[in-house]
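In what follows, chain A forms one complex with chain B and a second complex with chain C.
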Partner chain A sequence: MFGEQLLSNLAQGIVLGCVYGVATMGLSLIFGVLKVVNVGHGAFIMVGCFVTLFFFNSLGMSPFVAIPAAFLLGLGIGYVFYYSAIRRLLKAPELSTLLATFYMGVILQEVVKLIYGSEYRGFRWKVGSLSLGFTSLPMAKLYAALGSIAVALILYAWFRKTRAGTAMRAVVEDDEGARVCGVNVGGVYAMSFALGIGLTVASGVMLAMFLPVGINPYMGAEYTLKAFVIAVLGGLASPYGAFFGGLIFGIIENGSYTFLAAIPGVEPFGMTRFLSFAMLLIILLIRPTGLLRAK
Partner chain B sequence: MMKHVAERCLAALLAGLCLLLFAPGTGLAQSSIVIGHPACLSGKYAKAGEQAVGGIKACVQWVNQEYGGISIDGEKHKLEYKVYDSESKKESVTSLIGRLITVDKVDVVFSAYSSGLTLRGAPITESHNMLYMDHGGANNKIFEQGFDYVVQTIGPATSYHKGTLDMIKQIAPEDKRVALAYEDSEFARMVMEGAENYAEELGFNVVFKRTYPSGVNDLTPLLNAMKAADPDFVLGGGHYEDGQLFCSQMADMDFNVKALSLIASATLPAFYEALGTNAEGVMGPSHWEMGVTFSEESAKEKGLPWIGPSQEEFISLFKENTDKNMKPDYHAAEAGAQVLAYALGVEKAGSTDSDKVRKALGDLEFMSFYGGWDVNENGMQVGHTMVNIQWQDSKRALVWPESAQTSKPVYPMPTFQEKDQGAVAVPE
Partner chain C sequence: MMRTLDKYAAIFPVLVVYAVLFLLGLNMSGMWQLMATLLFYCALGQAFNIFLGMTGYVDFGYVAFVGMGTYGMAVTITSLAGTGLGGLTIIAGYIMALAFSGLLSLAVGAVALRLRGAYFAIATIGVNEGLRFLIEGTNLWGGSGGIIFTRQLNDILGKDASSALATFWADVLVLIIAVLAAITTIVYMRSKIGYALTALREDEDAAKVMGINVTMFKILAFMTSACFAGLLGATAWALKTPYVFPPEVFEIHYTIEAIIIVMLGGAGTLLGPVAGGLIYGIGKYVLSIVLPGFQLLIFAPLIIIIIVAFPDGVVGGIRNKFGHTALGRFIL
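Right, the complex of A and B next:
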């Protein structure tokens, strides 16, 4: 029974971890290139969840269609926020960009609240489930995980195989050097911010596929907190590291429940959070740059 | 000449105004009695907050228009309602209560919603010796803190699942295995404590008992463990969002039990809107439901005074006072009933002074569309009994107590697989 529960929780953890991973890649990308910490991260995820809701409930379309739409919307929002605020604050003290991204999150929350109201919403996407013997996984969750992996692979290929990706890596390595070599560093900054936001909004679609309930304008705070833990775990400036960080986080969050539940007098759910943050502290002490370095 | 005419006209106008203002029976001369409310119109409790505001507005309108205002020493006073949005945040609740008391000079403060927010606001009202009426904080602990000015209308948390347990004991005495899983909040922990004690008292076997953190977004580890405990039925929940998640993830896992009762979520129409047929058969305890049979006659039978609109009048007033085409649920009814309790308390005290009204409320016992109202010496509600609803064929049916039934309970409820194929919960 214990083994079956553990396997079941690990399977759920892997699937959830993929979604966590892709939901953190945008945060790491923006920090890696611009050294800007996006504290409004969760609000951008929330926008993606509402895009899914719109496609599914209002247009009657599959959440898959919402992925490119959410990415393009995020890209647009990213460029608008970059040119209206972030570009002017790049040389300002860190607190300025922290406040700017915080207020971007607040603006998004309030805009979505104006359109949809503040109540919790949800939808039901009936696509069956996959039986693994020891547990059954809803196909919607599997699709969310596969979508996350696909997005991560596309990003990886884009970084490695395109000139824009190479330019971005050059800016991460040494922005002055890149400028000397003819790279339009300002353009790369804008593109990185927009791409990071686009990825984050698209990850909201995956999250809504995974958890199609509880969607509301203020849902992002929980994910911001988790994204920071995952980003630090994977290496704050490394999008790939963030993906693997998410995977590890999901496995620990779900997998540890089975062990913690076996300890008498322990409320395992509360302890899984403690364990996740304790892990963050230990990693910061041992390896301050995170598990994977920026690449 | 013209100057004299103008002076006389002005004097006549002033005299007319004075007559209008101070003439007996017009009601304009008396000052209003102001209810202050840091409502939850956005954020976590927006759904319940919106209902509460609608219920209060409906009953304020009834008191002013049908009842003719609150009578003090033979003079009628209108009720006024001052509401701010606390965004369901503790820090906003405390600052808004301070503002309502010191700037808006309200006569009474209604709590925001939830046990946590109610508890957070109580020290502020206590420090101002201000009456604090609680329509949304069910935790018994609120009344164990030694507060002098808190008076409750909602029933205490420990009684939430008593009806469900009574019902299952009666209709399926062989089903003894109960699982409890509640949100780790003040309110839900108290519900769990009450449910556990009562379950053991009735001879049930509690095979699983766990809490989950507030704001949780994945319950699968807990549900996996619960499934392994093989319960006959499950009692749990905390608030709307986690209740929705609870049922949704049980469906994902095809985890079937004979009954599922979730507090503070299953009773809301939005629960069915989000979950569709998966909500069929799910139950929830409620302080009030449309269809309950409290009336002036039932008050007479119990020897209690009656006040307020009939159920139909309340529903109509509620709809008039809300922007959306909403139907009132228990959050609206308990908040509305609180207005009626306050009106009676002020009339009984003959004053709006918080000390006097608090004392009068302590001695007050009455019935309204919401049911009975009576508080103990600590201000905790003891006169109100709860009902249980079940989603049957996309409608909320009153299934317990038997005396209030609009439909028989469906037990066991359909499995999630059956529900996926379109099965609905309909009694035989």
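Right, the complex of A and C next:
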């Protein structure tokens, strides 16, 4: 019974972990290139959830179609925010960018609230489920995990194979050096920010599969915090690290629930959260480059 | 004598503003609540500024110290109710609030202050959230149900006294905390501590090489700031509204408010948090009357514009302009 529960939670954790991973890649990408922490991160995920909702409920289209749409919308939002504010704040102290990105999130929240109101919404994409013997996984969630892996692979290929991706990696390594070699560093900054936001909004489409009744303009805060933990697990500045960080986080979050629920007098939901923030602090202190990378 | 006066002249504008707010609230009917809110914002800004403004480190989990102060008072009142200590319970509550926020800041400061920039900001968010979920997860102090101690407070002080405390005296105590925080700020600024903090804010490595014990000064500023936060929590949250719920006292939004107040006024200045508190408080009040329900939609882009256009805040901007004139001694 206990073993079956654990296995089932672990399976859920792996599936959700892929989505967590892709939902954090944008945060890491933006931090890696611009050294800006996007404190409004969760709000961008929330926008992605609403895009999915719009495609599914209003247009009657598959969530697969919503992925590129959400990505393009995010790209646009990213460029607007970059050129209107972030660009002017790159030289300012952290305080400025932290506040600015937080309030960008607030703007999105309020705009979505204006359109959709603040009640909880959601949808069920009925495409059957996969039986694993000890548990069954809804296909919608599996598709979300596969979609996440596909997005991560596309990003990887884009980084490795295109000129723009190479330029971005060059700026991460050494922005002065990249400038000397003729890379348009300002352009790379803008593109990285927009790409990071695009990825984040697109990841909201995947996350929506896990929230049949939990989509709300204010849902983002929780995911901002989770994304911080995941990003730190993966080294904060590395998008691939973030993907594996998400996987690890999903497994620990869901796996530990089974153990914590067995301890009397403990409220397991709160404890899994506590565990994740304890993990964040420990990793920041002993291994700020992340679990995966040896310095 | 003259020199001492000159040295501390910059505190006078702050005290004048506080006195005006207090008298306005006292003498104009219906204004007390607004003035009390403004005083709270000023006090919060002033307290946070001691760390954020003077060191340049961004503590994104600042509200945790306000929360711990609230818990300190709440736990003391609930456990001492029925012992017949009366008003002494409140004093014990303050000592407990200081102990809670002071010890937490010592622990966090000793460990997290070795991180810099974004890493420090994320670590402090982690402390804030971790603490909240530790309380909820282990059912400490009532867990997610929180503590409601209206009845105990009534038992201790009597019904009339405790309602007078909630509607009037708690706000007066906030004013006193605000004044204390302002005095502490100027004393720090005009002493070796201020010079050391300025040096480390501008270039920590250089300050270290010059022989400044940066760790000690950082922890000192961090703890001072946290203790004032604890006092504010014990007063404005615990005594004014006798209940405490973890999701509320660890709500990140309050940290953001404190940051905005410091930032709007001018980080690292004495007058800044007061100016910031007034601008933020009045702005929020006006928007909530003129455009109820839409205030955030207006506020959010406005804040971004201000951050981009006035990176040094109001007082910072004024000081850049008038700092060298005769007025300069009053602008710090």
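Here is the rule we use: the second predicted complex is superposed on the first by the 291 of 295 C-alpha atoms of A that agree within 3 Å, B and C clash if a C-alpha of one lies under 4 Å from a C-alpha of the other, contacts with A are read in each partner's own complex, and residues count from 1 in each chain.
Please note the rule applied: a residue touches a chain if its C-beta (ideal position, glycine included) is under 8 Å from a C-beta of that chain, and two chains touch if they have at least 3 such contacts.
Here the structure is a predicted model, which is why all the values come from computation and not from measurement.
In the superposition on chain A, A:V232 makes contact with chain C only, while chain B stays out of contact range. Touch criterion met: A:E94 reaches chain C, while chain B stays clear of it.
When the two complexes are overlaid on their common chain A, residue A:G241 makes contact with neither chain B nor chain C. Of the two partner chains placed by superposition, A:G204 touches none, neither chain B nor chain C. Within the superposed three-chain model, A:F102 lies in touch with chain C and out of touch with chain B [touch as defined at top].
Applying the stated contact rule after C-alpha superposition, one finds that A:G42 touches neither chain B nor chain C. Within the superposed three-chain model, A:G214 lies in touch with chain B and out of touch with chain C [touch as defined at top]. Contacts of A:R273 after superposition: both chain B and chain C are touched. In the superposition on chain A, A:G290 makes contact with neither chain B nor chain C. Shared contact residues of chain A, touching chain B in one structure and chain C in the other: 221, 267-270, 272-273. Only residues 41-44, 46-47, 50, 184, 210-213, 215-218, 220-222, 224-225, 228, 240-242, 244-245, 248, 252-254, 270, 274-276, 278, 420 of chain B touch chain A when the two sit together in their complex. Those residues of chain C that touch chain A in the complex are listed here as 52, 56, 58, 60, 111-112, 114-115, 117-119, 121-123, 125-127, 129-130, 133-139, 143-144, 252, 256, 259-260, 263, 267, 294, 296-297, 299-301, 303-304, 307-308, 311. Chain A contributes residues 31, 35, 37, 39, 84-85, 88-89, 92-96, 98-100, 102-104, 106-107, 109-111, 114, 221, 225, 228-229, 232, 236, 260, 265-274, 277-278, 280-281, 284-285, 288 to its touches with chain C in the complex. Of all the residues in chain A, the ones that touch chain B in their complex are 1, 4-5, 8-9, 12, 16, 113, 117-124, 126, 129, 135-136, 138, 140-141, 211-214, 216, 218, 221-222, 253-254, 257-258, 261, 267-270, 272-273.
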